Every structure is written in structure tokens, then in C-alpha cells.
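The structure is given below, and queries will be raised subsequently.
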Amino acid sequence: MGLTHFNEEGRARMVDVSDKPKTQRVARAAGKVLMRPDTLELVRTGGVRKGDVLTVAQVAGIMAAKRCWELVPMCHPVQLTGVDVSFAYEEDGIAFTATTRCCGETGVEMEALTAASVAGLTIYDMCKAHQRDMAITEVRLLEKDGGKSGHFVRAE
Amino acid sequence: MGLTHFNEEGRARMVDVSDKPKTQRVARAAGKVLMRPDTLELVRTGGVRKGDVLTVAQVAGIMAAKRCWELVPMCHPVQLTGVDVSFAYEEDGIAFTATTRCCGETGVEMEALTAASVAGLTIYDMCKAHQRDMAITEVRLLEKDGGKSGHFVRAE
Amino acid sequence: MGLTHFNEEGRARMVDVSDKPKTQRVARAAGKVLMRPDTLELVRTGGVRKGDVLTVAQVAGIMAAKRCWELVPMCHPVQLTGVDVSFAYEEDGIAFTATTRCCGETGVEMEALTAASVAGLTIYDMCKAHQRDMAITEVRLLEKDGGKSGHFVRAE
Amino acid sequence: MGLTHFNEEGRARMVDVSDKPKTQRVARAAGKVLMRPDTLELVRTGGVRKGDVLTVAQVAGIMAAKRCWELVPMCHPVQLTGVDVSFAYEEDGIAFTATTRCCGETGVEMEALTAASVAGLTIYDMCKAHQRDMAITEVRLLEKDGGKSGHFVRAE
Amino acid sequence: MGLTHFNEEGRARMVDVSDKPKTQRVARAAGKVLMRPDTLELVRTGGVRKGDVLTVAQVAGIMAAKRCWELVPMCHPVQLTGVDVSFAYEEDGIAFTATTRCCGETGVEMEALTAASVAGLTIYDMCKAHQRDMAITEVRLLEKDGGKSGHFVRAE
Amino acid sequence: MGLTHFNEEGRARMVDVSDKPKTQRVARAAGKVLMRPDTLELVRTGGVRKGDVLTVAQVAGIMAAKRCWELVPMCHPVQLTGVDVSFAYEEDGIAFTATTRCCGETGVEMEALTAASVAGLTIYDMCKAHQRDMAITEVRLLEKDGGKSGHFVRAE
């Protein structure tokens, strides 16, 4: 019958980073939940029935950053040394930014993007009884530093 | 000193749904990863070093749907009876759609949105060595059915 | 050599509840973190460097309730239909109460006790830079209802 | 460019079981860790440095059964109503059996097989300082009942 | 509308410890489950229906220590290098002690307190069919060492 | 009444490895799912209804390797730096091999064995509608390197 070795055909692997040095890493990601002005006002004034939207979203984002490697299959496990999630009210919704740090062989951009995404999902969840057609948009890496690829800043 | 009961001031709770009947629920969410044509071509032709992008993203999205309640703090635990994640190549990136089903007291839109978000994050992760300025965008609920709020279809 | 069947000697099992009917269940547990007046004052005035103590503890307690069966080995998995965690400032510390609900074959007292314990642990974590000799105390079931054993109210 | 819908090409899905009735389900799986007589003797006499092998393996198997759907990607989440793991000393190793129960739309054979596998892995872990060439073997479904496919008993 | 940056107002963050050196850390926490003499006797004599109480509680405590950072939102992920949980029968209940070790930027007292709490919860769970009004009490840090804050021993 | 300290009687502990140096570690484990020729043919030709069997099994194995320490109670948490799972069609079934790497105080053989086991369980799950009497067999360590115990190669 003969052998067919799958991974010689390009299937998925968690790539070997054993030979990379550990360096200080930082990444910053952002995104926005688009919502109607009345929904935004409800968040600002604490009128959402499920609770204080941004505080819950902040805790959710921080906790999700730590579990990124459980969710994104080919991500390496990482011991984050810091996570910060912040929010800003904008005219058409709520912007969120997540910053992650570690000292390791791999970058922490997936951790920042995961924190941002889950913060966005949580805002959606807290507000969905008021508005169903919100959208989570522009989830993107703003900046990363550390490692061989050097400093990256997104052109915006 | 006097008592100050926090939850009388509107803090977070996982709202009581004990009195709601169990009904068949379905939700469909979608989004897109914006990428350059050369990155898209790499995905289509199987040239991404980490492996087959869409297959890994599909598994990741399905697995994340089941863990939505671990990530989104005020979500109720839900026993999904079906999850499907599919993809379509578009000119400016890869669109993804997630469909979730259950029979329960609460809807499954957060599960669909979580599946969609994690599918998008996984596409980003698999391709990020090729392009850092991709963005996950337009993550939104397309449709939901079941429960008191009835059938919702997003106006697009 | 002869067989020695372990479970005939009384080892651990997750007991079979297949034959029990599903009924509405509710449980209420409580506890207290003992702290110095200056630490308590710091919590009340929002002076703790790591953030808003009670909000983080509330989210942590709610999330932990949902994962009780992952932590306590012989607990049955349960689909909670409601979780509420609240706090009260007392002279010698911060009291916390957790209420859990589900419709199921087993009670939800472990879920309430887990929510209470993790809320207490989180208060400790948020304040430990200020005081190391706090204690989490009197974690106990206040009340439970539903199921064959009927209504229980702790004599206090 | 045209759309290519992945799931029309047969990719993975968690199949929709919404229309299946909930019935009582039970499954029994088994396997064996092959080991040298001196390793087996060490387990029997409590001489393993890491602790009481079978008790730890039993708890591990029970806990893993509850998390099967987190590990096996296309498994439906299931609320187990009972899990039992037992062991028997045999001449060439330690046999393990896991029984799982639930009332649901899908069977619980994967839960039983997961409990059995993790019990086996834990026995290996506890004993590996003494013997590295043990093997976990014959992990298989012995019996299942409930659901449309009816009663299955493995021919042994 | 103007921006309001949440984290400038003192919300929660997982504080940045990137600049702290890695040092050997150890922490020891303890607590007690208060129970009636007849319940205690049942534990001692192995008469509890759900299984061997202290062994299950020991495994549960060790496993929970490793997952502390998933439960306590602002805890840093930590790679524990050792966990030990032990018990002592006392006149009014069962005392438990947990010791945790790692080499890292942050202490491991939360890991020890989590192990202790979950050991206590598990004892409660195993015995609750016999007695509902047990209480988990005096969960506290006994000692910690390593890091800038030096050696701490609780005055008892 | 007198104290009885459990761990002086040899109960379970996660052994202290604080004093061991961090070294590069690699482990390779393997196993096989025995199946009928017609089931094997269905896998090879992509005819399995649940999706592409080996791709899903590969992702599942990689993800499980990272969570080994959550499943196997006395395993130390490990930050894997690489995981690879591959498959080969054989006459009587599908063989699977898992390779794991890290730089740490402890070996990664349990991680490789866990990846292999979960890959096997996933193959079983994907094919079980076609054949119920498959078996997962010969799950074993092929090779390990790194650490005080040196290079191990299984005699086959």
C-alpha cells in the first residue's frame, strides 16, 4: 500500500521555534464595535441591563489574551507578562485597544488580537438586547516590537 | 458602616433565564479577513508554511463556538447541537460564515460570532508571516431564529 | 494473579444521576475576606493599583461558577441559567454572596460555593500588594432549593 | 474570482443533531497499559514516588470524560450524568474500563474512550520514571446503548 | 464627542512585570473545612459514597493550582515547578495546606491559595450528602519567599 | 485526635523540579487506529461525512499537546516550542506520530503521548458512523532526548 506521510504534503504544524532566542515582545491591536448613538448612550450612562459594559469587556479581553493558544491552533503557548485593554467612545461606536507583553521566542500579536476580539464580542453581548445589528470591525495589529522581524507600525 | 449591595447598583450578572422555554435556536454570523492579492493567492494555492489555512481556521472556529461561554463572561453555557463554518474567496480577502444551533433558553448568536471571530483570528495567524497589515472586519450577525424575539435578518 | 476491581473498593466516581428528574434548582453561598480597615478603605475609594476590585471579583465569580465541574472532580456538568454575585462592605472586611440557578438533575450548591470562593480569591489578588495577611473565611452554603432533598436554609 | 464554498467540498462540520430525540445513553470503553512485572508490582505495593497511581488515574479519567468535547473537535458538548472508571491488574499490565452516561441527542462513546485514554496516559505518567517502554493498547468501545443505532456489543 | 480612555481612570489591568527578574518562588497557603465529628469520622473510615475524599481533594487542588491564572483575572500565567497538597485531621474538621513553587517574575501565592480553596471545595462536595452546613474557613497565606518583597511569614 | 499528614504516606504530588536546569527537550510518540479496509478507503478518498479525517485529527493532536498538563494531573505545565503530528496509511489502519519540543526542566513525552492519543481519538470519532469496532493501539514513546536521563530510543 505504501506510506503517505501527511506533513510532507504541507499540512498544519506548530512550527519549531526552539532555536529562536527569548526577547522582550510587545504588541498592540485595536478594533471597534459600530453601534447606533442610542446604544452608545446607554453604555455611557450605565443603562445596560446586563451590567457595566466596558468593565466586563476589559476583564474578558485580558482573560482571553492568556488563553489565545488554546483557541488559535498553531499559536505557541506564551507566558504573558502584561495585558492592558482600554476603550474610547467614538461617534459611531466604541474603539478598543489591547496591549500584550512577554519575554519569549515568539511574538504576542495573536494575544493582542485575541484580547481585542473578545473585548469586542463582550461589548456586543452586553448590548445585544438593545441592538442586534452592531458590527465588530477593523480588528488589526497597530504595532509590534521584539524578535527578528523588528519594529512594525501599521500605516493608517 | 452600612451595607452597599453592589448589584443593586447595576453591576454585571448572568441574567436569570430559568423561566424561558427551551426552543430550537439557530444563528448565522459572518466576517472577512482583508488581505493583499498575493497573500490570498498563497492561501488558495496552499503555499502557506504553517499549513492549510482554511481547514485549520474551520476547526478552530467550530471548537471556539463550543467554548463561547468560557470567553464571554455573561453568556450562558449552551449545548450546541450543530456548528458549521464555511469560507469564500473574495477579491479583497476571505469571507467566513458560521452557523450555530441548539435547543435552549437563550439564543446562539454569541456562539456564531465567536466561531466567526476565531476563524478570522486563525486565518490571520496562519498568514501573518506573509502580511502583517491584514484586518478582521465586518464581524456581524446575519440572521437568528428561535425564542421570543423571533426571526431577525440583518439588512445588508 | 486475580483481578482487583478498584471501584468495588469504594474509589471515586461521578455518581449516576440518570434516573433523577430535572427540576428547577437554586443555591446561595456566601463568605468574607477579612482585611484591615486601611485596605478596605482603599477598595472603597478605588485606590487599588490593579483596578476596580469588586467589579473584577464579580466577573471572576460568575465565570468560575460556569466552570465548577472542571475544577471539582466529581461534580456533574451543569448548564447554569443564572449567576449573580454581590458584595457588602462590613467592618472587618468584604462579604460576598453568590446565587446560582439551573434546571437539572443535580443541585447547584457547588457552583455557588465556587463562585463565592473565586470572588474571594480575586479580592485577595487585587489587594495583596497592600496586605498579605487577609483571610478568606466562612465560605458556606446559605440556602438551596429544588430536588428531592427539598429546601435547606442554614441556621446562622 | 467567483466563490468557492468550502463546506460544499466536504470539509469538517459538527453535524446538526437538532432533530434527534434525547434518549438515555450509556457507553463502556476499555484499554490496557502494558508494563513489566516489576513496574506492576510497584503500582500494587504503592511504591511509585509520584503517588497512588490508580487513584490519580481514576480522577483524571473522570475529569477528562467531561471535557471530551473540548479535545475532539467535532464532538458535541454533552452533559454527562455519570462516569465511572475502574481498573484490574492483569499479568502483563493494568486494564482500565470507563463507563459514561447521559440523556442526549448523541452517544457518549467518545466520552468513554477519552476517559479510558486519559486514565491510561496518567498511569503512564505516574510510572514513567520506572519504565519508559510501556504502551497504551487496545483502547476500544466495548458496548453502547441508546439512540437510533441501538445496542452495540463488541465481539471480543 | 471626545475620547474617554478607560484605563486612565484606574480600571483593571494585568500589570506589566517584564522588567522584574525571574527568581525562585515558593508559597504556602492553608485553610480548613469545619465539619461535625460524624462527618469527619466518615471521611477517616472511608465511608463516603462518592469515594476517597482526601485523595480526590488532593488531585483537585494540584490541578487547580496550575489553572489559577484562568480563574483569577489579573493573575499572570505561571509555570509551576512543584505543587504539594496535604491534609490533617483536626477536632473540628480537616485542615489543608498547599505549597507551590516556580521560577518567575511574580509570586505563586495565588496558586497556593487556589489549590487550597479547590481542595476545600472538593472536600465539601464529597461530603455534602452527609452534611450541608460545613464551612470552608481561614483560607490564608502562611508563608511566601522569593522576589523583591522578600520572606513573608504570617503571624499566627 | 492527633495529626495524620497525608503526604507523608505517599499520596500524589507534582514533584518539585525547581533545581533542574532548563534544557532542550524533544519527544516522539506513535500509535495506530486499527480499522477495516473499507473504512480506511473511505478516509483515503475523502468519503467520511464529518469531514477530512486526518486534517481534523492533526489539529486536534496539536491542540491537545498544549493542554496535556490540564489533563494529566501530575504533569508540569510546559511551554511547547513545537508540535508536529503526521499520519501514514498502513494495511490494517492509520498510524500516527507526534513530535513535541520545549526548553524546560521536564521532558515532553507526556505531551507527545497526549497528542498521539487525541489524534487517535479524533480519527475514531470521525469514522465511528462507519465502523464501531476500531481500536486505538500501541500508543507508545518512540524516542526522547534532553535532560538527565539522556537519549532514549524504544527497541522495536
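Order as written gives the chain letters A, B, C, D, E and F; numbering starts at 1 within each chain.
We adopt the following convention: contacts are C-beta pairs under 8 Å (C-beta built on N, C-alpha and C of every residue); 3 or more make two chains touch, one makes a residue touch a chain.
What you are looking at is a predicted structure, and each value in this text was computed from that prediction instead of being measured.
Hopping across touching chains, the smallest step count from chain C to chain F is 2. Chains touching both chain D and chain F: B, E.
In this structure chain B contacts its sequence twin chain C using mostly different residue numbers, the overlap staying below half. A count of contacting C-beta pairs for C-E and for C-D identifies C-E as the more extensively joined pair. Listed options B-F, B-C or D-F contain a single repeat of the D-E interface, assigned here to B-F, on the basis that more than half of the contact pairs agree by residue number.
If you average the CA atoms of chain A and of chain E, the two centres end up 29 Å from each other. For this pair, chain B with chain E, the centres built from the Cα atoms lie 34 Å apart. Centroids built from CA atoms put chain B at 14 Å from chain A. Residues of chain B in contact with at least two other chains: 11-13, 15, 52, 55-56, 59-60, 63, 67, 73-74, 78-79. Applying the touch definition to every pair of chains gives A-B, A-C, A-E, A-F, B-C, B-D, B-F, C-D, C-E, D-E, D-F, E-F. Every residue of chain A that touches chain C in the complex is listed here, in rising order: 52, 55-56, 59-60, 63.
Contact residues of chain E toward chain A in the complex are 1-8, 11-18, 69-70, 73-74, 76-79, 104-105.
On the chain F side of its complex with chain A, the touching residues are 24, 54-55, 58-59, 62-63, 65-67, 78-91, 101-103. Listing the residues of chain C that touch chain E in their complex gives 10-13, 15, 31, 46, 49-52, 55-56, 59-60, 63-64, 67, 71-75, 109-110, 113-114, 117-118, 120-122, 124-126, 128, 132-141, 144, 152, 154-155.
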